[in-house]
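There are structures below to look over.
Two complexes follow with subunit A in common, the first pairing it with subunit B and the second with subunit C.
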Partner chain A sequence: MNVQDRRRLLGPANASPIVFSDVKEKKSKKIQAKPDDEISKMFINTGLVKNCDGSAYIEVGNTIIQVSIYGPRPIRGSFIDKAILSTECRFLPYLSQPNDSISRLTSSTSLITNYNGKLNLSNIEQKISSYIESCFLSCIYLENYPKSSIDIFIKILSVDTNLLNLVNDVVHCCSLAMVDAQIESKDLITSGNLRYLKSNNHIIMDPKCKDKDKDITNEVVEEGKLDLVVSFMNSRNDEIVGFWCEGNDTLEDDVLEKLIERCNDMSKEIRKNINFYLIESLE
Partner chain B sequence: MSEGNGQEEMGSIRFPAEILSVVAPDLSLKRHLDLGLRPCLRKFHEFKNLTLNVKSGLSRYDGDVDGESVTDSPVLGSSVIKSGNTTVICGITGGIVEIANVSTTTTSDDHDDSMEYTSIYPVVEISRGKLNGAPTDEEMILSQQLYETLLHSKILPKKSLIIDNIALKTNDDTNNNNNNRKRYAFVLYANIQVFSREGPLFDYCYGSLVKSLQTVKLPFIHFTDEEFIINDNRKNGGNVKPEIICDSEAYNQLKINEENINWSLTFGLVNNDDGKETIILCDLEGHAEETCCKSLINVIIDKNLKMRYLNIVGGDENVIIDENIVLKTVQLAKNRVNNILN
Partner chain C sequence: MTVLDIPKVAVPGQPLVPSFLTDEGDSISKFIPGQGTKLERLLVQDKNSKVPVIIATILGKVKIYERVYKEEAEAEEEEEEEEKEAEGKQDQEQEELKVRTFIISVVPKSSKNYYYQDSQDSQNLQKLKELEIDTNIEEVTSKNQEDVIINKSLSNLPQEGDIVLVKILKLTLKQAFVEIIAIENKKALDHSARTLINNDSAPPSLYSSIASTSTTILQQVDIGENFKGIIRSQDVRSTDRDRVKIIESFKPGDIVRCIVISLGDGTNYYLSTARNDLGVIFAKSHGGAGEIMYAVDWKTMICINTGEVEQRKCAKPF
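Coming up: the complex of A and B.
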């Protein structure tokens, strides 16, 4: 038995992982039907999980996200004048996380045999958690909830997209859960996600394609590609509450301005949909 | 300061049903039972709706039947169970372990010894707003119970997991003596996620584990020769040279003892104060029922409607568990299992 963790049944310690040979490329390819200037359809639902204060479920393509919010709930200890916000994002342990190869390059993790033995948050999970936390810190009226804590738990049940596109969906899911939990906020947060290809000055809205690990790690580096997520409070003068940009090229001021504008357009479009859903669910 | 007679009349406090069930679960339960109902508004012998889904899309081979290809998921079998508000997602992954080189030819007849059967190593995670840390008692107990129940159910024979059809990538096929060759077997792990915890969790977790096990497919295995190096960036970002690799597409269905497939059911026993009658409640649900029902009967029934396991906990001067109660419970369980498994 595994001696490192006696609280979980992790099986024999001398087991080695199952390593699969590469899936043949021609078969694993899926056809992308979505035009570049269109936003993917999404399925949203709130209040599915009953033992929390607010929950939301979102499905975009094959990506499935579930968010539960616990709070505001009282905390022990000395008095604090505003609520503590904490966020935890977790993938199902056996899912391969986007950009996983980069995070593994920097850590000394070797091949995983039993996925149940993964206890700490991975770099990707931490990054998503901190992005969501920083977005919602500036949005929630924390001072209205003294001596309490608000905990956001994000569970990624399935992922079939790139990292920033996933973050985009997570933001929407958290916003919906926040409404379901009836936590006082300045506004609802929505975001826009773009991919900018510098060579032909082309913008792909809501890019769903998966990043191939090879592109990021070593050999083939695509020319000028930038991914961007910008989160807004659209009913409060389009205030920006979160900004995440990744890519392998420089970003000029005028291009940045244009990209933020396009993100804002996308954000507004999604906001309309979410508003519609919320009004419908009230009736 | 209010002037008055100082004897302000205290109005009665009225709680909604869901709050009363937390504040005074016994009172809530009693009031409902008096009406012939339960706090969850079901009848005494009414089970919750149950939805089983074994094509959840989590598994590597789920798309294979539809003509699509396999995915890069390491999940070998999976299932999703939804009952009431509770959702249980189970995914089975695997590892490879070296086993002692024993003779494969068994001389005597197989007499059903538990040494010939094995189990899955499950980890249950119940989402209840707890930050990352040690598993709760409930999670640990459930995992251990699942492991042991599956082992003693004799569903998964050890020999089903032994890898005996390894394709060797070597030149000399002439001498095929297995004597000094290592032998390997699969080992299975399960991750069970529970959302919206409610009701008899063991039943759902065990159900999802058994259903997932029925879908498990084991990949074909081959040894690698010296030159064969796979570029596995997803796992550790570098070139690795594993001794054994699995075919990305070819697989075998895991052979299990279908005859021993079984299902667990938990019943609560309460006594309505008016009489001495003990009431059987199916699929306990909600705070009032779970906290007040201290007497429980757990029954496991197999596919052929034979009882495999019976566990009775509790019983006191109020809740009398006699032969009739046990027989009635087993009968209820058999009817239910007949609906689910057959």
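Coming up: the complex of A and C.
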């Protein structure tokens, strides 16, 4: 048979198929369970993005967040004597977003579907955006920046934890970016995050998904389990600037007080670390 | 003899010093918030009431300057002379509380030179001494004074009274539209520097994207990163101001030194060149096609290569 198929590009006659060697699947390391009263380690860096006024990068476990801040920059339209703060949180498109299934249930009320006119944000993204925005509104000296806007862009590059734990890290990342942008603020916001198990009156600080293969999108709100994020201005007499609670149960006043106290402890601990990083970066 | 117990570096929110300190009853140190600091009322640990405390608002090194007023210094000298003449009687008044005023500020790492701009005080201000932290107040080491001038506010936004450098964008019969490039004695506006150096476009402001839905698409295209301004024809010069012709004062592309007279409306700052030291600094002939021109007098510029003469409202170069 000398007739070649002229309609196709043929490979060389002596070509042989590729054979892959046997690749053994690596056994995924079991993540060592963190003690319940310990805060997980984080890696922080600032000023990586050159194009913006301030940026920060944070890694906690497999959760990676990057925040860039643009501002103060001019606005269009009528005169305003204070800066406008706006926040946009986005997950990378292929990431599965935590608690997605829950938010889809609640979204039927559609109160937040078009939050602040920003389009194409998922419910989770909108919720995180509005939480960060309300925290930082009370923290920045907006009156120092007339006729301008300050924009916070949060990019979540990777996530392996539950929603409120993620929010906790996002708060810290935004605070660092705010410092890097040299925007005058009343304090540096840090926050604490914990899980309260009502059945045995147990508190887990900085709760992580211990099971690596657990689907974060389907974390069900169990009865008697409560997740809490509280954000503070710690050197300003521990003023609370943000409070977010997810759960399906009632809380007694004294328990709530205790939980906030524990969040404050955690927030102070993180504040110490961030302060150390910032002061080191000066020298 | 009080040792200043003030941190050398500060993070935002860190309390630096209460607004008043007493030194064993014979003098009071008063602290004024400078750049990068704010006066706030905070609860102090062992007290229940709120106390005025100066806090840092940015990350940076803490600097303290002593403010000495010219009038005060002279008055003190006179007082001393009088007191010498009339000794004895006024012994009690001599023990008046001495108030020393310090300006405390936080300077970010990136900045090197700061200039003190405080229009109210500039006349009275004789000198600002920089104090070394951890030294006794009594032993003030004064450094090179000219280096130790600080900025009143950190925010590098144009404020009323600031001298700015602008680029002329567009002329109409009544006014010139400009873009603010830099503010004198302040850090260059980041945005303008960015857009001048590399053309990386920043994501548009979320706010402007909302606002632009109500305006035309044309405006959306030229959403700039720079603050804009207007020089009205009556603000070009201080004499004969109703006969000013904008076209004989500026041309598009000129670099002009202006003073900010008002924050203006939402979009534009209002600027003025009605001073000898304000006006066109750099201009090219033939609408930018020619060579750089030099000022001959306050309303003419000449190109030394071609001899071309054009009309501008020039700034006095020296």
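The working rule: the second predicted complex is superposed on the first by the 221 of 283 C-alpha atoms of A that agree within 3 Å, B and C clash if a C-alpha of one lies under 4 Å from a C-alpha of the other, contacts with A are read in each partner's own complex, and residues count from 1 in each chain.
In this text, a residue touches a chain if its C-beta (ideal position, glycine included) is under 8 Å from a C-beta of that chain, and two chains touch if they have at least 3 such contacts.
Nothing here was measured: the structure is a model prediction, and the numbers come from that model.
In the superposition on chain A, contact is made by A:94 with subunit B only, not with subunit C.
In the superposed pair of complexes, A:185 makes contact with subunit C only, with no contact to subunit B. Once the two complexes are laid over each other on the shared chain, residue contacts for A:49 go to subunit B alone; subunit C is not touched. Applying the stated contact rule after C-alpha superposition, one finds that A:84 touches subunit C and leaves subunit B untouched.
When the two structures are aligned on the shared chain, A:23 is found in touch with subunit B, with no touch to subunit C. Contacts of A:66 after superposition on the shared chain: subunit B is touched, whereas subunit C is not.
Using the contact criterion defined above for the overlaid structures, shared-chain residue A:10 touches subunit B, although it does not reach subunit C. Using the contact criterion defined above for the overlaid structures, shared-chain residue A:146 touches subunit C, although it does not reach subunit B.
In the overlay built on the shared chain, the residue A:275 is in contact with subunit C alone; subunit B does not reach it. 51-52, 70, 73, 86, 88, 116, 151, 153 are the residues of subunit A that lie in the contact sets of both subunit B and subunit C, per the superposition on chain A.
Remark: subunit C residues 9, 11-15, 36, 38, 40, 42-43, 55, 57-61, 108-109, 153-155, 157, 190-191, 194, 200, 202-203, 205-213, 215, 219, 223-228, 263-267 touch subunit A in the complex. Contact residues on subunit A toward subunit B in their complex (touch as defined above): 7-12, 14-24, 27-28, 48-52, 62, 66, 68, 70, 73, 86, 88, 92-96, 100-102, 104-105, 109-116, 119-121, 151, 153, 155, 157-158, 213-214, 217.
Listed in rising order, the residues of subunit B touching subunit A in the complex are 57-58, 68-75, 85, 87, 89, 91, 93-98, 121-123, 127-129, 131-132, 134-135, 140, 143-144, 147, 186-187, 189, 191, 193, 195-198, 219, 230-238, 240, 242-249. Those residues of subunit A that touch subunit C in the shared complex are 51-53, 70-80, 84, 86, 88, 116-118, 141, 144-149, 151, 153, 178-179, 182-188, 233-237, 274-275, 278-279, 281-283.
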